[in-house]
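Take a look at the structure below.
Just so it is clear, A, B, C and D label the chains in written order, and each chain counts residues from 1 on its own.
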Amino acid sequence: MKEIIRYLNDIIKGLCTLVKGMAVTGHYFFHPKLITTQQYPENRATLKMQERFRGEVIMPHDANNRHKCTGCGICEMNCPNGSIEIITRMIETPEGKKKKVIDKHIYHLGMCTLCNLCVKACPTGAIVMGQKFEHAVWDRSQLTKVLNQPGSEIMTDEKE
Amino acid sequence: MNQTDIANYIGNLFPEAIISRGPQFPTIEIPPEKLITLCRKLRDDEQLAFDYLFCLSGVDMPDHMTVVYHLESTWNGHCAVVKTHTTDRKNPVIDSVNDIWPTAGFHEREAFDLLGIRFNNHPDLRRLFLDDSWGFPLRKDYTDPARIVER
Amino acid sequence: MAFDIYDFTSLTSSIHEGLATFLPPVGVLVAEWLLVGISVLLFVAVFGLILVYLERKVCALFQQRLGPMRVGKWGLLQTVADFIKLLMKELITPNKADKFLYNLAPFIVIIVTFMAIAAIPFAKGLQAIDFDIGVLYVSAVASLGVIGILLAGWSSNNKYSLIGAMRSGAQIISYELSVGLSLITMIILAGSMQISEIIQAQSTGWFIFTGHIPAIIAFIVFLIAGTAETNRGPFDLAEAESELTAGFHTEYSGIKFAFFFLAEYVNLFIVSAMATVLFLGGWMPFHVGSFEGFNAVMDFVPPIFWFFGKVMFVIFVIMWFKWTFPRLRIDQILTLEWKYLLPINLLNILLMTLIVLMGWHF
Amino acid sequence: MTTTTLDFDTIKTQEYLVNMGPQHPSTHGVLRLVLKLEGEIVHNVDPVVGYIHSGIEKMCESLAYHQIPHLTDRMDYLSAHMNNEAVALCVENALQIEVPDRVKVIRTIMAELQRLASHQLWWCVMGMDMGALTTFFYGLRDRELILDIFEETCGARLTLNYSTPGGVMFDIHPNFQKRVKDFIKYFRAKLPEYNQLLSGNVIFRERTIGIGHLSQKDAIAWGVTGPSGRASGFACDVRKHHPYSAYDRVNFNEILRTEGDTYARYQARVDEMSESLDIIGQLIDNIPEGDHQVKMKGIIKLPEGEFYQRVETARGELGVFIVSDGKKNPYRVKFRSPGFSNLAALNHMSKGVKIADLVAIMSTLDLVIPDIDR
């Protein structure tokens, strides 16, 4: 007799746990307002990334096409996987001194792990992390970027 | 037991072991032929009772191959490091501790795979990660011109 | 042609008479066969697609998702797009597969579902064949599908497929018992195996209400066993994707895969339709005792809507099972059948016989 | 009538081999298991790893110390923060730097959030392995909130690279405390749902209780750590026994169970989730003021010697063993990854179980394949 009671008890208890589980899923079925899906490409306009989001390394330029990069190469040294290459050239300042300036700040996005070490190490704050995250391109060569815009110059303090 | 106690206790049992105090763990250096006796003692001795091998690493030192065993006693709560080394870099052979701590089996396969250290009496000493034609990449003299770029 | 949505008998008989005016009797028979065949084919294709869409939407809602939204409004055309994609896929036959059986298996599975649909009454007079052993016929034909699954698993030359097929064989043969016994319980109550008569017997009240506790127990058992027989979660061991990747249809692609896929959903429909016929009164409207006004309103809804409404409800419950429960293990499935469902079922038949003999049912 | 009797001696059964993986839905990546089966019964499991071996230990030998953490993100990507922390702590201990209290507390909160996120992902994948697909979405829904918190403070969702030698990469975001508190409140309300869906479910219990038993002795001998080891009664919580960061100033229970079966491993993780919520709750209001970074030299050089650091990741004990020769690059780095040792015990645990049980056992070990392969 005891066995039979336990047998029936097992069935009823088991069914109860099943119903409990169904109550959870059923609750969500009848509350479609709780849906958390975001329709991604459609909501692009309203999609806002966090300000610290690490999407890619960029070099901000001001209105006069000037940046802050001195070409010191610290970012290149700090990069763990060699995704930054600094090419510098010598120019002569109006005072007649020789000065090293950045020629090309080459950035290989395809190799970058977005670890933020270059941005953290940059003494002048010339490079920052951009918020763009849609990096798909048709050709791998397009992932190699030159961060300083053509014809750009270094910002000098006396202008401000 | 604290570091000094362990050092004294083992020093009495194994006079050939070189025992030094490290910043974290006492280190016992033992010649490879004595390794198994030491390890058995370490595990079975009631005062020591090192029953948990939490790390086994092979290191390629400039003139010898070292295997480092990190041990903990879950009963007494103390830790120790056992080191053994072989100077034969060409064909380093060290006894396996697999039957003392079964967890060593996988770690020894890894050490064999990456450093080429052979473990005697290991039941299943095959390469773990790489295929059979590969060299031993964690050795300092390993070269791979296709994949390693010097900067 | 007389079209009456409440009674299709007049429609079918007028088609029959219309055909008879210009065709010899044999021609009429052939023409009717063709007509029925084409409509069943159309029904299976369209209803299968609708069910696939519904399944995706229902499971999305259970999972707090939106489901397909891109193709058409609310993704309505998603399954059509999927079907076109499946049609265009390459048909791959693995090396060393038993080519004949491998190609035969999906056809067996899909043909069996067509055969079962023949006996399903969609509305009054809308039934291809009204056998006097209709219930037996459906349960016999529906269990043939396992042959296709076994063949598919065997002939694919893949160990995963074989394990899946063997599981499926063991499972379906066991659960056939429970389905059969719970059907017998209801046949005792109805006193007939003819589907139209079973439905007619429920004109005063659905069996699930008039049959007391045994009918409810039989309904629950039938739902569980029916889910198991259609190889759906939580009994989807034959394709258990976390264990066997895709089970018996691992190697199938393109339209052959689509056949398995479609057959699963049509089987789901057949099981739900049988549950509707036997427990929920088929196409009979919902009547409450002597509430004349209420009953009249209920009568106003055409039987075909009643039928499909009930079928959809049962399908929804079975989907609810699938998207809530973890999968059972093979030995647990057999334990559930032989140690729980079978004894309960046998007792239930005794109880039902007692009730019918004593005339305690309504 | 003649009756044919089956002569069972003449029917020969045969073991057969099945390759489960490297492409298989429930090996969680590119793990390959060579199964020796007899029908449904598993006789032997031979794990074949290395499909995602990336040579992190070798790469570390040519990197500076502050560059190593970003590689460890890719090891056990579900407990990226703990991996970073392990390297950071190891370097700090070697240099004998005392980081500010603020850093310690932030690291602890982050580690617990990461543990929660990892356990949530484990929970939903566990459900999926058992065939309950809906759990997958519920788990991910809640995990997403933690990842949003990470994104706001660390700038990344998965590969955080947040702990650096000497501190943390950024100070916490001004919204951090509020969002974490909101999350704790939200998730406490959601935990019963987890129990209703899986823990209490009769099918789930039948499938897990008594399956894949691992005794305490075996757990210690095989080095099975983390919730999997603690479910067998192996008190291996590094947070408790060798406290680091701010774990010595919070009260929490080490979840210990004695059964050692699949259900115990499951329950240990679920209990750990609420324990993690407790730890965060204790710390989140008491983040001390101060710097988020100690001033470090541009090039970190460790003194000559060997350094070992143990931390508790979501999967178990992670050890970082650095051999330094005094140069700016480590001489040898070894990661004792928890999944590696846990995987080694899989064969031991799954002798004689069915295929479905093997999937469940593997799921409760919570393997992350890059963590095994490194």
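One rule holds for everything that comes next: a residue touches a chain if its C-beta (ideal position, glycine included) is under 8 Å from a C-beta of that chain, and two chains touch if they have at least 3 such contacts.
Bear in mind the structure is a predicted one, so any value in this text is a computation, not a measurement.
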item	value
A-D or A-C, whichever has more C-beta pairs in contact	A-D
Centre-most chain [mean C-alpha coordinates]	D
Where subunit A and subunit D are represented by their mean Cα positions, the distance between them in whole Å	25
Whole-Å gap separating subunit A and subunit C, where each centre is the average of the chain's CA atoms	51
Distance from subunit D to subunit C - Cα centre to Cα centre, in angstrom	44
Gap in Å, rounded to a whole number, between the CA centres of subunit C and subunit B	64
Per-residue multi-chain contacts in subunit A, two or more chains	18, 21, 24-25, 36
Subunit B: positions in contact with at least two other chains	none
Overlap residues in subunit C, where contacts from two or more other chains coincide	62-65, 323-325
Interchain pairs in contact, sorted by label	A-C, A-D, B-D, C-D
Subunit C residues within the subunit A interface of the complex	58, 61-66, 69, 320-321, 323-325, 340, 344
Residue ranges of subunit B touching subunit D (in the complex, touch as defined)	22-25, 27, 51-55, 57, 59-60, 68, 70, 74, 77, 81, 101-103, 105-107, 110, 114, 128-130, 137-138
Subunit C contact footprint on subunit A (complex, rising order)	11, 18, 21-22, 24-26, 28-29, 32, 34-37, 39
Touching residues on subunit D, where the partner in the complex is subunit A	63, 66-67, 70-71, 73-74, 134, 141, 144, 148, 151-156, 159, 161, 169-170, 173, 193, 196-197, 200-203, 205, 298
Touching residues on subunit D, where the partner in the complex is subunit B	49-50, 53, 55, 57-58, 93, 218, 220-223, 225, 234-236, 241, 305-308, 310, 317, 319, 321, 323, 331-332, 334, 336, 340-341, 343-345, 348, 373
